[in-house]
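You will see two complexes here that share subunit A, one where it goes with subunit B and one where it goes with subunit C.
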Partner chain A sequence: MAGYIIKRLLSAIPVLLGISIIVFVIMAMIPGDPATAILGSYATPENVEKLNRDLGLDQPMIQRYFIWLGNMLHGDFGRSFSLNRAVLDEVLERFNATLVLAGTAFVICSLLGVAAGVISAARQFGLADKLITFVVLLGISIPSFFLGMMMILIFAVDLRWFPVSGMWPIYGDRDFTALIRHLTLPAIALAVVAAGVIARLSRSAMLEVLRQDFIRTARAKGVHERSVIWRHALRAAMVTIIPVLGIQAGFVLSGAVYIEIVFQWPGVGRMLVDAILTRDILLVQGGVVIVAACYVMFNIVVDVAQSLLDPRIKT
Partner chain B sequence: MSGFFKLLARNRLALGGLIVMVAVVLLSLLTPLLPLANPDVIDTANRFKLPLEGTALLGTDHLGRDLLSRLLWGTRLSLAVGFVAAAVAATLGATIGIVAGFYGGKTDNIIMRGVDMLMAFPYILLALAIVAALGPGLMNALIAVSAVNIPFFARNIRGVTVGIAHKEFVDAARLSGMGDLRIIATEVLPNVIPVIVIAISTTVGWMILETAGLSFLGLGSQPPQADLGSMLGEARSALITNPNTSIIPGAMILIIVMAINLLGDGVRDALDPRLKSGALSRPMPATRVDRKAPIPTASDDALLALRDLHTQFHVKGRVYKAVGGVDLSVRPGECLGIIGESGSGKSVTALSVMGLVASPPGVITGGAVYYQGQDLVGAPYETLRRLRGDSVAYIFQDPQATLHPLYTIGDQLIEAVRVHHPKGKAEARAHAIDLLKSVRIPNAEDRINSYPHELSGGMRQRVGIAMALANDPEVIIADEPTTALDVTVQAQILSLLDDLRRERGLAIIFITHDFGVVAQLCDRVAVMYAGRIVEEGPTEAILNTAAHPYTARLMACVPELGGGRRRLAAIPGLPPGVDQLGIGCAFADRCDKVQPACRAADIPLAPLRPGQKVRCIHPEPARPEAVA
Partner chain C sequence: MTFLPLTRRAMLATTGAAALTLGAGIGFADTPPNVLIVGQIAEPKALDPAAVTAVNDFRILMNVYDGLVRYKDGTLEVEPALAKEWTISDDGMTYTFTLRDGVKFHDGSDFNADAVKFNFDRMLDESHPFHNTGPFPLAFFFSAVEKTEAVDPKTVRFTLNAPYAPFLSNLAYPTGLIVSPAAVEKHGTEFGRNPSGTGPFKFKEWRSNEAVVVDANPDYWDGAPKLEAVVFRPITDANTRTAEMLAGGIDLMVEVPPVSLSEFQGAAFKIYEQAGPHVWFLILNAKDGPMADKRVRQAANYAINKEAIVNNVLEGTAAVAAGPTPPAFAWAYNDDVKPYPYDPDKARALLKEAGAEGAELTFFVTEGGSGMLDPIAMGTAIQADLQAVGLKVKIETYEWNTFLGEVNPGLDGKADMAEMAWMTNDPDTLPFLTLRTEAWPDKGGFNSGYYSNPKVDALLDAARKSTDQAERAKLYKEMQVIVHDDAPWVFVANWKQNAVTSDKVEGFSLQPSFFLLLGKVSKT
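Moving on to the complex of A and B:
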């Protein structure tokens, strides 16, 4: 197992390099003089000169890439000109808030999605199946930002069950209950779309598995139907469902940007949008690389989970 | 093509989606012709008017602009951007996928590496990075959204292309001197188009959502031009005071995307061959029972007795009579063989006993199965479940598929015990080891921790037998348990079953198409043809003096070691389809002794000699020399 984890970690290196190349290429598409373009409205002569020196912008592309890569490996992601702060510090601080939001949403959408898919498949063509199918269709069709806005209207403004926005109360203690109260609406709004996708795929994975011969064997053994569904069938279906969870994690992590805007959540997505609008390119670049790298790492966790679940995978 | 539309029309939800989509598209095409107010004229005196208040039908926004007009123009823009993004992503993605899949090798490797890298990004993050570089704007948002969807198309279409690129017709085209471009255009493209259509139909909704999302963030369409997303984004600041300005564009996005998704599901169902047959339905815990005729009574003291059992498959209005009135019985310690060709209904008969026929499409339409005098066919599910595995156990063919691949054989054995007899884990485990030993699995203590894929076919089959024995059942139904095995293993397993029968007084129903196996193990044999028993009697009598022409012909097909220069006579023709059985003898069309009377009326299973029954009006005479 340890060997497999190391192998997967090593295989992440080319992916991470690939990500850095893609980000670098995208940023190289910026038209005009790089330093001026990167600095945008902060392009004072001193800043331009400093950036040229830091990034080696007077040098050819290939060299610039390696300078940039080397700097990143030393933890130097440059300086945000709009915030006048090191990019890494800002991103890490914001990323914490995003992880709380996206992590909660991911747990919600995984549990809800898989459960809904299993129930839907077990009651195929029944009332529960039709109901779930309809709710799922609604879930995957509604823009998460619109859903979030409607949830604010209903649950925060009308019913006053939850605060309208933010991560912490403006006055009062920053304790766990306060966080949960602030987290509930945005986490659910963020989870809904992914939960719908997971439920759909879980349903079809379960239907596929329920037709297999080993399910008939379990029934022939006299296993309770509940156990046939939730133990035998779900265990086999998880092999198909887990990679989907991995993909959905990416949607939740990056889709958090909408929810962070709607709910004024101090996360990395909102930071990126602000950075794009103020043309703070270095902040965008650093944020994108760090979030993408975390997602790559998360996918290794998914692969390891998959190998634990399926003994047929050679570890 | 007309079949495609028919399928689509049959799906009412998809049709609903199609109608809504057509309406929305028509409306947005007609928008410039409609007598609408100018969507960009600011009238701050009339801001935040509610629908029907004042002149504007849907009210006005925070700048006093006509909401209906803005909604229709915004819809037009959103749809246009969404469809263009989908078209661009599909074209570029398909091209990349076809090139990678068609050329393979290094080209494929390099392209797919790049695609994998792009897919390693969280989707929206990549779009944000692209917009960051190009700057906010609707065109740039369109580029970003189509760019992040290209990998999805490329990967899907590459997969299909790889499959096609090695097909014979592509090789033939190559040999005939066609150029690569022409082969791609004439041979590959027509075959990948359905996949492209499915991929578009499942992603265009996403793309509309994503562009709306970027506009919502202020990174897409820039004022005063507005798509649905930026309308929502602008309205957000007045969400609490004037929710209707948010609800109107938001609901429009929801309606459009929902209609597209419904339509997309319909398109996928109509185009995907796997779904076309409607095969993706789950079998219920027990076979559906729908008995119209009176239920036959238990007639003798047999342990297990099937009485006039009818099991059918109802598929798309056709009725397949897999089992058409079967009577069978076994006593304790007896072994009954059921023999017949594939498709003769022997497995369905066996599975009907415990309600294990997959349903849908299976239905038990008549008859009864008496176990110790209790009718199992009409029994409630819980009664059936208690008997399954505990009193009546199954051994299935092909243990590769019939054992759960992700649980150890130990776990599966322990479960079989504990589901009927509450025992401690350790005790159940010890019992499981004993079971493995009783089927002569070496190193049972170690083997118990193996997964099915770690065992050989013969070992897996023994595990299947051990599992059937777990609760010391009264009856074992073995459905071709040795068919997948080689001859030596087969012999071992047969003698194992025979020993168990003698030691434990098991009743065995043994299903096979192999006369050798029957001769070795069975006391009595029933021969099945087209869902009915055509002959039944003691094994010896059937083997020596087969009375039904079908049995006689079936045995003439069996080669014999040292059998001399006897001609192996295949039976001409095929068994009749069980969805179109006529009256009279089902074997009539293949029988060389057929008379008009054979097809005139139903032929009963009548006693011929002591213990031997046959469903034939011209039974073969007793000819002991025939099998000498």
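Moving on to the complex of A and C:
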């Protein structure tokens, strides 16, 4: 097992290096430079040149890449010029907020999705199945930002049950209840689409398993139906469901961008969008590398979890 | 199968309990009394006035700092602030300011002539020990300053390298706000997150991406503010900002989207509107192609229905522009210059005369950007109007920074027309940077359409050198007549800034400078 984990960790290195090169090249290639973005209407060639020099962007590209990479290996991600702050501080703080949002949404969509899928499969073609299939289709079809906007209008503006936006109250205690209040709407809006996908795939995974011999054997032995479904069948189906959860975790993380914008959640997705628009090169690069590293790590965890459940995968 | 009812009941119970805990108790409608919550359009970059360029940041800074001079309430004319009075030498090269007595920075240090000198040296002198707290992108506002001297603690003297009339109004601009030297020395490059000035509010805390909080400065030289504190919240999405305003999460909202204004009709809200020093125009390529002919440029001005654009596309949030100078510069604005009327027949006649019927034009449009209002919808309306008089217009759309990268180096060989908007603080700035022969892109200016008229050049040079406002006004008015007739641009719109407050907010008004001044505001 340890060997497998080490092997997977080592294989992450070229992936991350590749990502660092890609994001660096993309930022170097996109038209418009940071100085133009800062100066706006005042971007004369002269002003742009001076500001680029002040920002250290007048060196050759290759040299800039290796300086950046070298600094990064020492834990120095540089300074964001649009926020006037160390990139690492900003990214970690924002990533934290994204993890709270995406993590909650992921828990919601996994629990709801798997439960709905299992119930659906257990009652195939029954009323519950039809109802769930309908709701799932609806959930998959609504764009999350639209759902978010609608939820704000209904639950925050009209009913005033929840705050419109933000992660913490502007005044008052930053306690757990305050966080839950702010988290509820965005987490649900973010979870809905992924929950739908998970429900559909869980349903087919369960149907597959329920047709197998060992389930018939279990039923024949007189095992309680609840136990057949939730213990025997679900455990076998999890081998198929877990990779789906892994992929959905990625979708939830990237889908957070829209939700963060709609709900003004101080997360890393919104940060990256803002950083791209202001051509904040170091913040984009640092942010992407750190987020990619987390995503790669998460995939490794999923793979390891899967290999624990299914010994055949360990190679 | 019996497993479902239990789960369902448990789920209902949990949901019910959750709804009770979350919904009960605090209503989210009320913001604290006497604390004003302002919905901003973005997270500020820094609270160092010399280091920032965005109006969004200026909205905070103008409440934390003062300049030597400021704009008189409701105008773009300069009046004393930290300086009590000043004299200008006859040659327009030396400005001597007498400073206000007994003013202290929020950190307790004294405001004096040395502090003023420190501020301008930090920005302009690359060998200054704190020049590294930059970069200072708008330092060129003061590039005319040769040296700054502290004559005595209450007197400061600026020597310019050439007469430069906009100097005073540049001092009223946020780039000229005075920061505490002691705070810069203490915090170095972190000063932008630990600001200290002399303004009506003093900095309390900055919670990244959540809020900047400033407290009242009870010792403010111009009278203590009525509010206890102001909280600036960044809410980038305009729809979310509108929802926060409707839900009572903020007290004041700036840059209300035109389509959302109708939401705020009614007694619970107050709507404010103020025209600013903004011009939205089309740069026309006067160097080559059909637009090189003045008659074609005039035809474009006649062909475009500007009334329809400001009323239908912009929902009345802008007024039709008449010429290159916005009416907000009341003292320099020529009332006799009227907008080109919408007259498609006249446009067709001019095109025929110029032999440009059916000419093909490339039109650069941007997706959005500072002061660009609703550029795609406006561009499409313009395209339709020009097609109606027989021109064939091809739109090319670019993201803002890409757009600037295409337009600023000049339209030559690329396009016949491009959208553009400017917001300035002196009637000198825009024409000086965009209409002079010396401002062609290859000479480092923004005259991307290569307009050139020696008379305009001479008028603008003279206006920049004169220190007499009446004399300057005369020169600018003359310039507007010529530029209106030469039509190097299609003059489209002057933006009216808007804001909404709750009915609890008193004493607020928008300024033509587009600054947000909260020193006299109260909340019941």
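Operating definition for what follows: the second predicted complex is superposed on the first by the 275 of 315 C-alpha atoms of A that agree within 3 Å, B and C clash if a C-alpha of one lies under 4 Å from a C-alpha of the other, contacts with A are read in each partner's own complex, and residues count from 1 in each chain.
Basically, contacts are C-beta pairs under 8 Å (C-beta built on N, C-alpha and C of every residue); 3 or more make two chains touch, one makes a residue touch a chain.
Keep in mind it's a predicted model, so treat the numbers as computed, not measured.
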First (subunit B), second (subunit C), both or neither touched by A:L153: both
Partner chain in contact with A:R181 - subunit B first, subunit C second, else both or neither: second
Touched partner set for A:G103, first subunit B, second subunit C, both or neither: neither
Partner chain in contact with A:A236 - subunit B first, subunit C second, else both or neither: first
First, second, both or neither for A:L309, with subunit B first and subunit C second: first
Touched partner set for A:I142, first subunit B, second subunit C, both or neither: first
Touched partner set for A:P266, first subunit B, second subunit C, both or neither: second
Partner chain in contact with A:E225 - subunit B first, subunit C second, else both or neither: both
Footprint overlap on subunit A, comparing subunit B with subunit C: 30, 122, 149, 152-153, 157, 164, 225, 261-262, 277, 279
List of subunit B residues in touch with subunit A within their complex: 113-114, 116-118, 120-126, 128-136, 205, 209, 212-213, 216-219, 229, 232, 236, 239-240, 243, 246-247, 250, 253-254, 257-258, 261-262, 279-283, 285, 351, 354, 356, 358, 381, 385-390, 393-394, 396, 398, 401-407, 415-416, 419-420, 451, 453, 467, 470
Contact set on subunit A toward subunit C in their complex: 30-33, 35-47, 51, 54-55, 82-85, 90, 93-94, 97, 115, 119, 122-123, 128, 149, 152-153, 156-157, 160-168, 170-172, 177, 180-181, 184, 225-226, 229-230, 261-264, 266, 270-271, 274, 277, 279
Subunit A to subunit B touching residues, read off their complex: 15, 18-19, 21-23, 26-27, 29-30, 121-122, 124-125, 137-138, 140-143, 145-146, 149-150, 152-153, 157, 164, 204, 206-208, 210-225, 227-228, 232, 235-236, 239, 250-251, 253-255, 257-258, 261-262, 272-273, 275-277, 279, 281, 284-285, 288, 291-292, 295-296, 299, 309-312
Residues of subunit C defined as touching subunit A within the complex: 1-4, 7, 19, 21-23, 26-29, 31-32, 35, 37, 42-43, 45-46, 48, 51, 53, 134-135, 137-138, 140, 189, 192-193, 207-211, 231, 233-237, 239-240, 243-244, 246-247, 249, 369-371, 398-402, 404-406, 408-409, 420-423, 441, 444-446
